[in-house]
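In what follows, structures are represented as C-alpha cells.
Two complexes follow with chain A in common, the first pairing it with chain B and the second with chain C.
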Partner chain A sequence: MGDITVGLNCPACGGAITIAEGESVVNCQYCGSTLYAEGDKGVQTIAFKNKLDERTAIGAAQAWWGKGFKARDLKRTGAVTECYPIYIPFWDIRTRVAGWVCGYEERTRSDSKGNTKTERIYKEEMVLMDLAYSEIACDPGDLGLRSLRNFSGESTFEDLDMIPTFESTTSRDDADAHARSDAIARGRSSAHVPHITFENLHALVKRTSMIYYPIWVVRYTYQDRMYLLTVDGVTGQVLSGRAPGDPLFQSLAVTAGTSIGGLAAAGGVLFTINTGSEFGIAGVILGFIILGATYVFFRHGSEIIQGDFADRKKGPDMRQLGNIGKMIGGAYR
Partner chain B sequence: MAQVNCPRCAAPIELDSGNKFAKCSYCGSMIFFDRTGAGFYYAIPFKLSQNDAVGTFRRWAGGSTKAKDLDRLASITSVKKKYFPVYLFRRDVNGREEVYVKPAGSTILPGLHQLKVPGGDLKIFDGNFDTNGAELVKPDIEMTHYLDNLPGKGKEQALVYFPIWTIDYTFNGASYQVVVDASSSEVFATSFPTRSSAAYLLVAVAGFFAFLVLGFVATVYLVPALILMALTVVAVFFISLTVARRL
Partner chain C sequence: MKIIQVKCPNCGQAIYQKTKDEMFLCQNCGTIHYRDDKGPHRVPFEVAPPNPNSGGQRFYMPFWRLRCDFHIRSRDVQGGLLHKLATTLRGGDNGGNLYIFVPAAELDTTTFRRLAVALTTSPPQYPVRQDFGGIERVPTAIGQDEAIEMADFVAVTLEAEKPGTLQYLDYELKVLEAKLIYLPMVSTPSGPWLAI
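This part shows the complex of A and B:
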C-alpha cells in the first residue's frame, strides 16, 4: 500500500514542508521559498473543545425531561442508559450576497362605506449582506441535527483522537451550492418586497471550512422504549431529541383548542353580521388556526420532538387555514 | 489501525479514514494520502446493543402514526446483527466534487435501497477489525462495475460496511420487518400497521362546531348556553382523553 502516500518536500531545497489542510500558500521553513499547493488540498478544519462531562450532559437531559408537554412521570421513571460524546462534522460556509430587488407592495384599504382602494407602492431595495451557513457533513440519521446554532468555541484538536468522530461523507461543492442558494433566498427576503418584478442577486462563497462539533448523545429508556437526545458539547443546551408525550396534555390541548377556537369563530361571525366589518373574519381565521394547531398536537402529541427530524409533524399550513376561515367568514357577510 | 510506510524514511504511519494529510512522527515529513487509485474498506462500529435496538424499535413503534400499542403488542420473532455493504464514491466531475453512494449487495431489506452512508465513525476494515459477531453481508456487486460507468475522475472510493439490526415482528397475524441503523438509531420500514386519524379528527371537529353553535346560542339564551358549554368542556376532555389513551 506504499504507493498511496506522497511525501511533500520543497521543490527548491528539498526540505520537508509543513502545510495545514486547506491552505494553498506556504513558505518553506528552510529556504523561505513561497510555495503554492495545487490539487486536492482539502478543507480547512477546526474542532471545538468539548466543555461538558458526562454528569453535566445527563443533568441537561434530565432538566429537559421536565420541560414542555412531556410525560409527567418521565422525570421519575426515565433512566439514562448511555451517555457519550461524538464529534460531528459541519460545513461552515461564509457567503456574501449583493444585488438589487425591485418590485411593488400592494395595500388595500377600505373605508366605512365599503369602498376598497388598492394602492401600489414601488420598491427598489439594495441587498448587501454577509451570511453564515452551516449544514451537517454526514448523514444525520436519527440525531435530529441539520445545522449549527453556535459558531464560536475554543478550537482544539486534543479530543479529536479520543472522542469518536463521524466522518464527512457529503460533497463540499454541494454544500457550497446550498450555501449560495440559501444566501440568495435570505437576501431576497431581507429586501421585503412582496411582489418581485426584477432581481439581480449574486452570492459568493467567501470561505468554506469544516467544524468538528462536540455533541453528547444521551440514550434513555422509558417503559421499555429507548429514546435518544443530543446535547451541545459547547453550550450545554439540548439540541434535539424525542420524548414520550402524555395523553392528559393531548386532551387538555384539544379541549382548550376546540372551545377557544369555536368561540373565537362564533364571535367573529357575529361581529361580521352585526357590523358588516371585515375584521370579524379575523376571528374566524384565528379560530381555525387554533383548532388546526391543537388538532396536530392532539393527534401526534404522544411523542414530543425537538430538532430537525424527517418525521417531525409540522403544524398546519396557516395560509390554508386562513383561507378556510375567510370562506366561512365571507359567507355570512 | 491500518499502517502505511513513510515514503521518505519508511517508518510506519497510521492511516485513518478522514485524514488527507499526516506528519511522519519519525522524520517529520508531511505526507499526502493519494486515494484516487486505491479502494478502501471501512466499517462503522455498532453503537447499539441488541437491547438498545429492540428498545429503539419499541420507541419507533410507539409513534403516533403506528397502530396503537404496537410497541407492546408487536411480537418480535427474530433479531439479527448485520454489516451491510455500500460503495461510497467521491469523484471530481468537471472540477466539482460529487459523492455517489451505490449498493454493494442486493437486498430487499427496508431502507437499504434509499442508499446512504449513515453518520458514523468510519474505521479501516481489515483483518484486525472485530465484527463482534455481526453477520457480514457479502458484496455481490463489483466496485469496478460502477467505476467504469461513473462520470469524472475518482478522488476516493470505498466499500463501507454499515451496522444494522434487522428485527422481524408480527402484529395481528401479519409479519413485518424493520431495520435499525446501529450507528445513529434511525429506523427504516417500508410498511407497518398504521393508526387511523378518524377518531382524533372527529373529536376535534365536533368539539369545534359544538362551541361555534353554543357561541351563537349564547347571544339569545346566555345562561343555558354557558351551562351547555361547561358540559361540553367536560365531555370533550373525557372523550379526547379516552381517544388519546386507547385509539
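This part shows the complex of A and C:
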C-alpha cells in the first residue's frame, strides 16, 4: 500500500536516513542509533512531491476530453483558461478490524413437483484484516475530491513553499471515527452473512497520517460554458471533472432504453394475461430495470461527471434495481 | 516530523537495535520502553527460556498476556449437541478467570488465530527470566491498548472454536492485568511453533 519515503538526517551522526511513511522507528545505517519519528500529536505529516508541470497537466486534461461519451468536438474546441497546482490535505488512516459475525443464510430450493423448501444455513465467520482509509481533510469545494486513491510516491516538503496549500480543517478524532466506521462496515460486508444474529467487531486505528497531495486544477471552456477538472500531481491521472456530453449518443441511448424497457414491460403484461403464466412478470421486471438503468445513467442530462461530486451519486446499483423489480413483481402477484 | 535518538528512560543509554521494534530494549539495564506523543513508557515484561532440545531457528515472539474475568450470561449455538451434553454434565461453562494471550507481532490471520487460541486454552508454564540470551526478538506491532481490545476478539474466538455454530453470545469481559511476555519459538514449514 504505502510506499513513500521521507529524507531526513540522523540527530546522532548527521547521516542521511530515509523513513517510510507511517513508520516511527528507523535505525541509522551509519552509526547504528535507533531513531524515533515524533509526529504532531501522533500524526505524521507527509507531502508528496509534485511530478507534473503545466504542460503535462494540460496534456492529461486534453487526453481525458477524448475518452468516453463526451462531446465529440470537445478536444478540438475546448480551451484551457487556467491551470495551476495546489496541495490538498488528506487523512491516511490504517486500521485493523477483528471480530466475529454470526447468523444464517436462507436458501430456497424447488423439487420436480414444484414444492419449495427453505433451508437455513448457519454461519459463524471470523473477520481479521488490515485496511486503508483516506478522506479529504479540508472543504474541497466543487473539486470532486473526497478520498485519496494513490498512496505511493516520493515525499518532500520543498514544494510546500512554492505551491498554494489548503489548510486542514477537519479533526483527527472525526477522521479516526470515520475510519473505524468504514472498517466495521467493510469487515461486516466481508463476512457475507445475510441475516446477522450476533456481531462482535473491533476496529483499531493503527496509524494516522496527514498527506499533503499535489493536485492540478484545470479550468476550461466549451461553447461559452466553464468546466473544471483535477489532475493527480503524482500519477498524472484525471481524478475528477465535468465535461459536456455528446447529445447525439445520449438521445439514441435514452430512446433505445425507454423503448426496450417499455416493450419488455408491455410484452410481459400481455404474456401473463394471455397465458396466465407468472413468467410474464419477469418481462415486467426486466422492463422496469431497463427504465431504471436508463434513468440512472442519464439523469445528469448532457454532462459527463467523474469524481466525488455532491450531485453525483454512486453508480447504478443493479441489486437495488432488482429489488425494485421484485417489489413490482410482488405487488402485481 | 522530528527525529530523535532513542535513549533509555531508566539509565539514559542510547538504544541500538537491529530491527525496527517499537519496544526498545536497553542493552545496559535491560529496561524495555515504548514511546508515543506523551513520551517514553516503561513496559513490564518477562521472558521464557527456550527448550535447549528444540531444533531449528529460534527467536522470541512477543505476546500480551491479559488476566481477564470472562463471564458468559447466555449463548445460542446451533448443532454441537454432544458437546452441549458433555458441558451440561460437567456443570456448565459460563467462563471465569483466564489468561488471554494476544500475539503482539505482525502475523498473518491464520497464525494469529492459531497462537492466540492455543496459548489461551493451554497457557505455557515456564521459569521467568529477564534476559534474551542473545536470541533475536520479533518486533512488536500491537500495543497494550490494542491488545486489550483484541482480548475481546480472542474470547469470542474461544467460544466460536467450540463444536456447533455460534449464533448469539452475551458476555462480560474485564481485563485485570496486562504484561508483555516473550516466548521462544522455532520456525517450521507450517509457521512458528512454541519452543518451551
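The criterion applied here is as follows: the second predicted complex is superposed on the first by the 236 of 333 C-alpha atoms of A that agree within 3 Å, B and C clash if a C-alpha of one lies under 4 Å from a C-alpha of the other, contacts with A are read in each partner's own complex, and residues count from 1 in each chain.
Going forward, a residue touches a chain if its C-beta (ideal position, glycine included) is under 8 Å from a C-beta of that chain, and two chains touch if they have at least 3 such contacts.
Only a predicted model underlies this, so the values are computations on that prediction, with no experimental measurement involved.
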{"item": "Touched partner set for A:Ile17, first chain B, second chain C, both or neither", "value": "both"}
{"item": "Contacts of A:Thr81 with chain B and chain C, given as first, second, both or neither", "value": "first"}
{"item": "First, second, both or neither for A:Ser171, with chain B first and chain C second", "value": "first"}
{"item": "Chain B versus chain C as contact partner of A:Glu303, first or second or both or neither", "value": "first"}
{"item": "Touching partner for A:Lys51 - first (chain B), second (chain C), both, neither", "value": "neither"}
{"item": "Residue contacts on chain A - larger count, chain B or chain C", "value": "B"}
{"item": "Partner chain(s) touched by A:Leu8 [first = chain B, second = chain C, both, neither]", "value": "both"}
{"item": "Touching partner for A:Ser33 - first (chain B), second (chain C), both, neither", "value": "second"}
{"item": "Which superposed partner A:Leu248 touches (first chain B, second chain C, both, neither)", "value": "first"}
{"item": "Partner chain(s) touched by A:Gly261 [first = chain B, second = chain C, both, neither]", "value": "first"}
{"item": "Common interface positions of chain A, toward chain B and toward chain C", "value": "6, 8-9, 17, 19, 40, 42"}
{"item": "Sites on chain C touched by chain A in the complex", "value": "1-6, 14-22, 24, 35-37, 76, 78-79, 109, 112-113, 146, 149-150, 152-153, 156-157, 160, 165-169"}
{"item": "Touching residues on chain A, where the partner in the complex is chain B", "value": "1-9, 16-21, 40, 42, 81-82, 86, 88, 136, 138-143, 164-174, 219, 221, 224-228, 242, 244, 247-248, 250-252, 254-255, 257-259, 261-263, 265-267, 269-270, 287, 291, 294-295, 298-303, 311, 313"}
{"item": "In the complex, chain A residues that touch chain C", "value": "6, 8-12, 17, 19, 23-27, 32-42, 44-45, 96, 98-100, 102-104, 122-124, 126, 128-129, 197-198, 200, 202, 204, 206"}
{"item": "Chain B residues within the chain A interface of the complex", "value": "2, 4-8, 13, 17-18, 20-21, 23, 27-35, 37-38, 45, 52, 54-56, 58-59, 62-65, 71, 88, 90, 96-99, 116-122, 155, 181, 183-187, 197, 200-201, 203-205, 207-216, 218-219, 229, 232-233, 236-238, 240-241, 243-245"}
